[in-house]
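Two complexes, one shared chain (subunit A), two partners (subunit B, subunit C).
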Partner chain A sequence: MAESPLLAVKDLEVFYGGIQAIHGISLEIKKGEMVAVIGANGAGKSTLLNTIAGDKSYQKGSITFEGEPLPGRAYQFAEKGICLVPEGRRIFVNLTVYDNLLVGAYTVRKKEKIKERLEEVYDLFPRLKEREKQMGGTLSGGEQQMLAVGRAMMAGPKLMMLDEPSMGLAPVIIDEMFDKFKKINSKYGTTMIIVEQNAQLALDTANRAYVMSVGKFIMEGDSQELIHDPKVQEAYLGFK
Partner chain B sequence: MGYLEGISISICINIVCVCGIAILTGYMGLFSMGHACFLCLGAYTSACLTKYLGVNYFLSLLAGGAVAATGSVVIGIPTLRGKISGDCFTIATLGFGEAVRILMANIGVNIFGGATGLSGLEHFTDLKSSVVIAVLAILLTRNYAKSQHGKIALAIRDYADASELLGVNIFREKLKALMISAFFCGVGGGMMAHYYVYIVPNIFGNTMSNNLLTSVVLGGVASITGPATATGMLTAMPEAFRFLDNWRLSIYGLTLLIIMRVRPEGLFAYKEITAPFTALSRWIKTKLFKPTVKA
Partner chain C sequence: MNTFLQQLITGISIGSIYALLAVGYALVFSVFNFSNFGFGATMMFGAFAAYYVILGLKLPLFVSILLGMAAAGIVSMMFELVIYRPMRKKNVMRIYLMIAGLGINIFAPNFMLQIVGGAVKGFPSDWARVTMTVGSVNITRSDVLALVMSIALLTLLWAFLYKTRVGLGIRASAFDTRTAALMGINVNVVASAVFIFSGAAAGVAGCFYGMKYSVYPAMGAVATKGFIASTVGGLGSLGGAVVAGLLLGFLETMIASYISTTYRDLFAYALLVIVLIFLPGGLMGRQVHDKI
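For the complex of A and B:
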């Protein structure tokens, strides 16, 4: 285990004005891992992702990516290989599916690379290819989620973070989406952090998980172990 | 010069300026209340170049555009940075516009003529060249809209945060749009100077900025031919209804109100008027490529 972690967060503290959202979080994620962060509403899960993606500034602690500190501005994070699929998808409604994907490839300079990635995305989500010329705003919720993930894939990220990917989707689509996440992880070796309310689903998908409550990690470990942990079962999986 | 020709030249000048503002407001979603100052910079630059140095008219237009684009950097860098909202930019341009106008009235009085203006310019702006420049402006704007820059502008307007997370340098893209729009306005200003042959700082006031912005809002966001048509209408309409005396101003206001109420996103939002252009290109093709058979 001499390999250094891809992402290392140490004693992170984040405030919204005077309110502290994250109280000293530390985590380490190795290359190729698939990690879930579960927890109740308002636990600070989204804040954590936004901070790692550079959308929110932090007050204390440190974040290092591939052993280096993070750049100063949010747009530089994508060039480094960190990509966040934001909560609520945020599809560009006035652009076609194809153009949405091209905006995702903003940081990619080579034309051939863009073409190659486009093939990959269409391969993974054939539905997007069918809707190539359609406006982003006319897609269904599931298709929009596919587009959001595909758009993030276009940048060729090393670390992909998914914020509530199951939000507002039909159960069948959710299962399909999570299968695709596994596929992206295994096929392209993309490291993933998934933040989810649906704890069962997240634990089934990920190798490892962190349980978050009121801005702190209260538990962490192998996701199969966590599934069988009575405390987790009671609080997040609804067992009695 | 005929009356109709005069109006047509005015329309062409306005189209050039509106093309720039269509990029800034229609695509990037930034509202500027002081774009007349870029016309002012362009007008004075090109007027001075032709008057004192005898530079070619078209070169002086380009120089005017370049100076206006450089001027826009001054306002763009502090206001488009970081997460400052678009409102800040709007208010800053309002102030900047006034500042430039007053500056031009007070500095270099023996060169720029101060508040009494710069007169004795040559009448270079004729209908033919104006139409060519207007068409060129429309084509260039269309290229911007179809290119990656235009798509990214729309993406930023939809969700700035999401596009930043994808690695889009929002500041750079916004500044680029602002510079292009200022360039177009500078060229328009140069044309205006050589059409009126006399410029005073006061004509580049708020009214002009507002008229240009109105054309874009009325013509529709994310469209080029829409705003171009709208500015044509707005320039010609007051002339056409001149017999109504001051009532035409009320009609003007009423028309705007009705359109705002019925189609708040503008007449041709997200649409282009393509039919005449396809017809034209077909006509040109048949003219050019049809073998002329002589009996």
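For the complex of A and C:
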């Protein structure tokens, strides 16, 4: 008996004006899974995430979350439990670290719940507590990424989507970040989709992966199987 | 010395009117990146509302100011609902929103001219005209009231922005409305709050300007001074708007009394141009921030 998926995308097509970015994509993600989407620059990975997060409208196909169609307005997605950690992080540079986190909990009405989550975030990223009163814009790249992830955690998401989380970060920090993602996934059961250009990293972290090229999935399967697939090795892992 | 003190008080009182208007411009600009040139009209409607509440309903001055403020807040929100929101939905360039605002600013005074005529009306409050003598300086009650209410309103605005949930939403939207939406912030709610608050501030400014001078359809022209102050203070900066508003009021009054009244407006525009040349971001403007 198959458990109904948390997220189901069917025959999705997305356009920017007259240009088609996604050419009929289907995917299903179960609760608690950690899934990677890998692919080259411009493959449409970010477009896919932005569409699921409500930041971009789609023209054809369907997306259901917990068996229901997505809400109509961008601001309603967070309340449903869909959170995007956007590419480039998009920290509120004009707000303090603390206020950034509070904005993340904008849809949470219970004060105790906000306090509880704040502690969870500070527990996972002690650096953020140290910088609590600093403006978001004064943080380093790594700290901003922590803040972006912490901000998403504040909403208590069912689905957390991370768009190029390794971009512009030092290798040491990247490893640390990806460990935290695994921790969030295992500790809170948060379902995750990670979009990455760094295929090795993504495949090492996720259980399952989709390979995307020019707006389509060209392969999908178990991460470890994909890592050993000669085609993936040649095209995305740099093996010859 | 006495003349100076006298002028200082006048300067602060007119400056607080400019500050209220400038804060309105700054609030809208900080979130939506355009200047709402409909503030002149909003201010004028607020003043007329208070005027007719006193004359028609015979209500006390303070109540009439509150009602004028409420009327201006509603008018301001109507501009947002009927004109700006449909335009924002179509994602038009910000410059078109400003042009629409300029349109409001021409339409509204002419509309009032048709309805109530162009006569200049004295503000119907004897209480406000009473002058108090402190030492050798004469202070009109309306000047004191203008200052007190401006401080009260600005404090209230600060508390709203920094202590409430919607206020946090406004501050987040001020950086980036799209990311704010991802966090679950409904930008339309933010827009309504911003327009009601800035409109109410313009309405109060209108009432005090009306008390200080008079009420007439073209009085909204003075909102330009608020715009100058918000630009000099730094577009989108609330603190800058307050400081520059008070500064502009003070400097204008000094020039009018020690040099000549004819130089007053000339000075305001010269100040605008000079600040724009040497400090394009304004006195307390945001640095060009990193949008990555």
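List of remarks:
Operating definition for what follows: the second predicted complex is superposed on the first by the 239 of 240 C-alpha atoms of A that agree within 3 Å, B and C clash if a C-alpha of one lies under 4 Å from a C-alpha of the other, contacts with A are read in each partner's own complex, and residues count from 1 in each chain.
Going forward, a residue touches a chain if its C-beta (ideal position, glycine included) is under 8 Å from a C-beta of that chain, and two chains touch if they have at least 3 such contacts.
Here the structure is a predicted model, which means the values were calculated and not measured.
After superposition onto subunit A, the modelled positions of subunit B and subunit C overlap sterically.
By the document's definition of touching, neither partner reaches A:216: not subunit B, not subunit C.
Contacts of A:129 after superposition on the shared chain: neither subunit B nor subunit C is touched. When the shared chain is aligned, no partner comes close enough to touch A:23: not subunit B, not subunit C. In the overlay built on the shared chain, the residue A:31 is in contact with neither subunit B nor subunit C. In the superposed model, A:60 makes contact with neither subunit B nor subunit C.
In the superposition on chain A, contact of A:107 is made with both subunit B and subunit C.
After overlaying the two complexes on the shared chain, residue contacts for A:90 are found with subunit B and with subunit C alike. Annotation: subunit A residues 53-55, 73-79, 83-84, 86, 90, 92-95, 99, 102-104, 106-107, 151, 155 touch subunit B in one complex and subunit C in the other. Residues 53-55, 73-79, 83-84, 86, 88-90, 92-95, 99, 102-104, 106-107, 137, 151, 155 of subunit A touch subunit C in their complex. Across the complex, subunit A meets subunit B through its residues 53-55, 73-79, 83-84, 86, 90, 92-95, 99-100, 102-104, 106-107, 151-152, 155. Per the touch definition, subunit C reaches subunit A in the complex via residues 165, 168-169, 171-172, 174-176, 178-187, 286, 289-290, 292. Residues of subunit B touching subunit A in their complex: 148, 151-152, 154-155, 157-159, 161-170, 222, 270.
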